[in-house]
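In the two complexes below, subunit A is the common chain; its partner is subunit B in one and subunit C in the other.
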Partner chain A sequence: MSALPVIDLKDASSFPSRRVEAWKYSDLRKYLREAPAPSPSAAIPMTGGGPFEGLGGEPMAFVNGRAVGVNTLMACGTQTVRLRLISKAEATGHATTARISARAGAKLLILETHEGEGSAYVAHNRLELDVAHDAEVTRIVLADEPEDAISISQARVRVAPGGRYRQTVVTTGAKLQRLETEVTHLGQGADVRMDGLYALTGARQADLTSVVDHTAADGTTSQLTKGVVRDAGRGVFQGKIIVERGADGTDARMGHHALILSERGEVDAKPELIIYADDVQCAHGNTVGNLDQNALFYMQQRGLPLDEARALLTEAFLIEVVDRIEHEGAREVVREWLTARL
Partner chain B sequence: MVAVKETIDAVAALEKYEHGFTSDIDTEYAPRGLNADIVRFISEKKGEPEWMLEWRLAAFERWQAMEEPTWASVKYTPVDYQDLFYYAAPKKKEGPKSLDEVDPDLLAVYAKLGIPLKEQEVLAGVEGAPRYAVDAVFDSVSVVTTFKKELQKVGVIFMPISEALREHPELVRQYLGSVVPVSDNYFAALNSAVFSDGSFVYIPPGVRCPMELSTYFRINASQTGQFERTLIIADKGSYCSYLEGCTAPMRDENQLHAAVVELVALDDAEIKYSTVQNWYPGDAEGKGGIYNFVTKRADCRGDRSKVSWTQVETGSAVTWKYPSCLLKGEESSGEFYSIAITNGHQQADTGTKMVHLGKNSKSRIIAKAVSAGKSDSTYRGLVSVHPKATGVRNFTQCDSLLIGKECGSHTVPYIEARNGSAQLEHEATTTRLSDDQLFYAQQRGLSQEEAVALLVNGFVRDVLQELPMEFAVEAQKLVAISLEGSVG
Partner chain C sequence: MGPRDKPEGDGFQVSRFNRVLKINNLHVSVGDKPILKGLSLDVPAGEVHAVMGPNGAGKSTLGYALSGRPGYEAAEGAVAWKGEDLLALEPAERAAKGVFLSFQYPIEIPGVPALTFVRTALNAQRRARGEEEVSAPNFLKLVKAASEKLRMDFDMLKRPLNVGFSGGEKKRMEILQMALLEPSLLILDETDSGLDIDALRIVADGVNAMRSPERAMLVITHYQRLLDYIKPDRVHVLVAGRIVASGGPELAHQLEADGYDQYLPAAA
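Right, the complex of A and B next:
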């Protein structure tokens, strides 16, 4: 059962409005009243190899919703996949569904990029991901889309007992951008780390929504999301951790911290804990604020110009999320990608 | 360690719900069901002015067009609004309401509940001991209000709202519905149409109310809803502390309690509102108990005004309650301290809203939830910062304690920051009662239940400290009683 509403781009009645609790802060219906015209599906040449090209691995690419090669992948052993979701459309819409599974004992690195090259498009990307017993999957998402795009990404992840899942989503937002992850956590030693980062300027919006459902005992989840909002940007974080009856021994932690660096910026957060088992450790923390004035003062006193001091503190604040990426190569690519956009 | 000793005594001595007795009081009812005629009947009974009747009828019309909310995380058998009595009043003899003339049967009820209705009794204590003025509401009417004269000397108006409608209609008209509008929500609209009594408090400018004011609500009649309405106005620079207590008999049916409380704090005024809610929670199988659907809101419309809500929620089968603060004034502040304890089949969906509209307004939320048995407890809260409200600060802490395998505890906070100068912090934890601590306490000679009571009292201490002293003692006992039988 999916806790989050299912969306079909061809059916406008499936577009949630803010009256749907899970979409309270991202009113899709306000931006999209009718189903968009389909994007051109003829073969469109891809440009370059994407931000993660240097790390090699097999490409799995979709252009305007059409799979360039395969759309299903079964990983075994140690493998890297570059999942590229490319939008080259103008004011049209497209949807993709990718299915990836990691077999028992596999070690899979998914380097996912949302590459927006057109404008005002509507993209809907679905990912079904299966992490088998003792498999380890790392998913790193870089979303780089135009400011007038509407983009919805919905990942459904199933983590089998003893499986490990690591996710880091980094985004600069869009007109309306929703990056949704729903994890079914089967516990028994399974371990999930789910991080997010948003850096928003102009009138961009990013919505990082997640549901982690602990259905069995002895699972762990650690979640850290950080964001910086400038101008009239709007950051949304909704994180829900469910501990079902019998899921004893669950250890779940969630943190969301945001900086609003402008007068008109907005951050909406809803960190939820839904708990039906008593032998658990669950906590969440949420802060919204501005840069530490004392630190800024100290840095200026040491001779740094105010702008530089601000930039340094902001980067230091965000980089904690990047530092948690265990794969060194991917971590460095993300760091450079982010620094270039700050 | 007097407090600990008392907790232990309380656990040992008291039965599950000590206020569960019914009293055979000769009662006058309105006809069963709800329609415009019932609204007229209530208004006429109260001798209300014409505008009030119109206000009620408009509310009734709104209510009919509204739908009962379903978003709270509670499940209950729907209320049949046509199968309730909306007005039940103890039949009283003719004449003015001096205490001597109050029905002795009624006085006996209050004596049994331990509520001091006789002024001399309260005065008999040690000199300088805190005094309490009490407004006792029995089903739909206020039966007695103490210390009225003494309060009048300093200009404080403390009386049943039905009386205030006759004696100070201009004040009531100015403020009634100005904090919780008629169409605010389903239960508020229902209350606006059929409310029968409650307290009215007005503290004049610069006056510090000389004693604690309190209202004691008792539902006695069966198949009756209680709809009380409280309105407290603290004029510029004034202060008052208000306490609210409530109990009901044990009955198999679910009874509805839909109250509206409105607080208005003008410049530099402060209101401290404390509740110990001990409505009948239903039996061990979850049969019976009160549905407590309450709208409480404070309007800090003055600069530097302050409202502090403290609540201890131990009763009710289902609770739906969010005491809130609209922080409109500059540098106004709101506080919310809450203990919600659920056991058996109780469900509580409670929390607060802090709406920051004024510059440099501050708020603080400390919510502690303890769930045991098969109960379910949810903290649902909102902290929102308006784009023009610069320099806002908020601190929120929600802690939940779970006792047993079949209970649930949930935290659903909403944080909405619409400008860059706000500083908001929120933290929440959920854990169970530590085995190590229980073991340690038992090893020191406490029984398991005593150990649980001791640890839980420690867990909720931050909130207990905010209660006026007499209430704190009562609350501490309640904490112990509510959790009786929750372990092992």
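Right, the complex of A and C next:
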């Protein structure tokens, strides 16, 4: 059962308002009162295969909600899939559902890009992901959307015994952007790392919400989210880890750290640990602050102009999340993608 | 008598005048509290001057005011290095003019490898001076040579700057940066604090290697111990925000024996 409400873009009554606890910082109904008109079909851009093109793999693309090829994939062996969610719409809405499963022992790399080329669109992207026994799935998300878009991504991930799931979501936000992940540890010894990064300028907003449910023993979850907010940007982090009765030996760690570099910037953070088992190790840390003034002066004293010192410190702060990506090729693409946007 | 000491009128006098750190009647308050209250001091290039004083005399404030730390702006007075008004410059501009403050407590910079940091700083300074940047391979050669002299493990320089470094390692890192940035005005703030005797010797060797007719050095210290290793040409006593006495190296030994008490009424 899902802990987070499921949205149907065709049905405005399914849009949560801030009165729904899980959406209290991202009032979808305030931004979207009616179901948007459906987006027209559009051709896949002829030029470029997205930010991860250089890493190869099979493309799995959606344009304005329509699958260009398959919308379901079952991976075995070692595989890379480039999941491209392309929006070329103007003030219309579209929804996608992709289903991916990694079979036992498979090693799958999902390179997911939210490529916003239109304006004022409403996108709703769902992902159903199953990680089988002893499979390893890495999902890396780069969200690059226009400042007037509304974009909701809802991923449901189920990790079987001994399965490994690695996720890194990196975003520059949108008018209202929700990147939601719900992970269920279904069996013993599942291992999850789930990270996030947001860098917001202008009036952009990004909401990284996750629920990790430990239903079996000896599972591990390590979560690190970092963000930087400038201008009137607004970052939201909601992380919930549930340790169910019987999920003994769980090791769960969650950290969220944000920098606010402007007067009007805002960060809302809500870390939650809900523990019903006795023998567990859980920890969470949450900090929101500004750049270290002592470090800024030290760097200037050695010759770095203030702007350069700020940029270097900001990048250094965020890059910890990127450094946790194990796949070297993907890590370098994300690093370049991010530094080009800081 | 060097060529710079030729009599007035032939141009050398002016250049000699220019190669001096001149601090004149410097007043600095931190918050509402006056710390420096009319400090005056001249340090010519080629000389090492020690500033000694008890806790709270304003020693660290002097280092911060000279290097331009926000919150340590001068309310009154003037500071010139080589004829340039330092107080009108941003901290990074002062660094590019050769000002280097070795911190009493060097700052940790998580996420920025020491090598990256020093190269970025060096090239920023060079850009500000209109000089060509140093290429990565050339920089590595410079760092390898400098780190061997300071007996530093090169691999340590790949780690984030000062993060997890011991007190001694941090001080060596300061001296390494000094050797690579080649500043002309060196301000050492309590450089001996946290050093054991072996580390102190290595650090002092590093500082002494920087002595040159082109450089002025200001060694700020509470204790005389450091001055056994970095021998000053002049010693100044800083008490309650002013220089209350100046003399030769023997003054440091006298202070070590008698303490600062005799100067306290003079400043009150």
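As a working rule, the second predicted complex is superposed on the first by the 335 of 342 C-alpha atoms of A that agree within 3 Å, B and C clash if a C-alpha of one lies under 4 Å from a C-alpha of the other, contacts with A are read in each partner's own complex, and residues count from 1 in each chain.
One rule holds in what follows: a contact is a pair of C-beta atoms (placed from the backbone, for glycine too) under 8 Å apart; a residue touches a chain by one contact, two chains touch by 3 or more.
Predicted model, so just to flag it, every value in this text is computed and none were measured.
With subunit A as the common reference, the superposed partners subunit B and subunit C fit together side by side.
In the superposed model, A:G303 lies in contact with subunit C only, and not with subunit B. Between subunit B and subunit C, more residues of subunit A are touched by B.
By the touch criterion defined above, A:I260 lies against subunit B but remains apart from subunit C after alignment on the C-alpha atoms of chain A. Residue contacts after overlaying the shared chain place A:R245 against subunit B, while subunit C stays out of touching range. In the superposition on chain A, contact of A:N290 is made with subunit B only, not with subunit C. Contact with subunit C, but none with subunit B, is seen for A:I319 once the two complexes are overlaid on the shared chain. With the two structures brought together on chain A, the opening angle seen from the C-alpha centre of subunit A toward subunit B and subunit C is 80°, to the nearest 10. Think of it this way: put the two complexes on top of each other by chain A, and the tightest Cα contact between subunit B and subunit C is 15 Å.
Contacts of subunit A with subunit B, set against its contacts with subunit C after fitting on chain A, share not one residue. For subunit C in complex with subunit A, the touching residues are 67-70, 90-92, 94-96, 99-101, 103, 106-112, 117-118, 120-122, 124-125, 128, 160, 177, 181. Listing the residues of subunit B that touch subunit A in their complex gives 71, 387, 400, 402-432.
For subunit A in complex with subunit C, the touching residues are 292-295, 297-306, 308-309, 312-313, 315-317, 319-320. Remark: subunit A residues 21, 229, 245, 248, 258, 260-290 touch subunit B in the complex.
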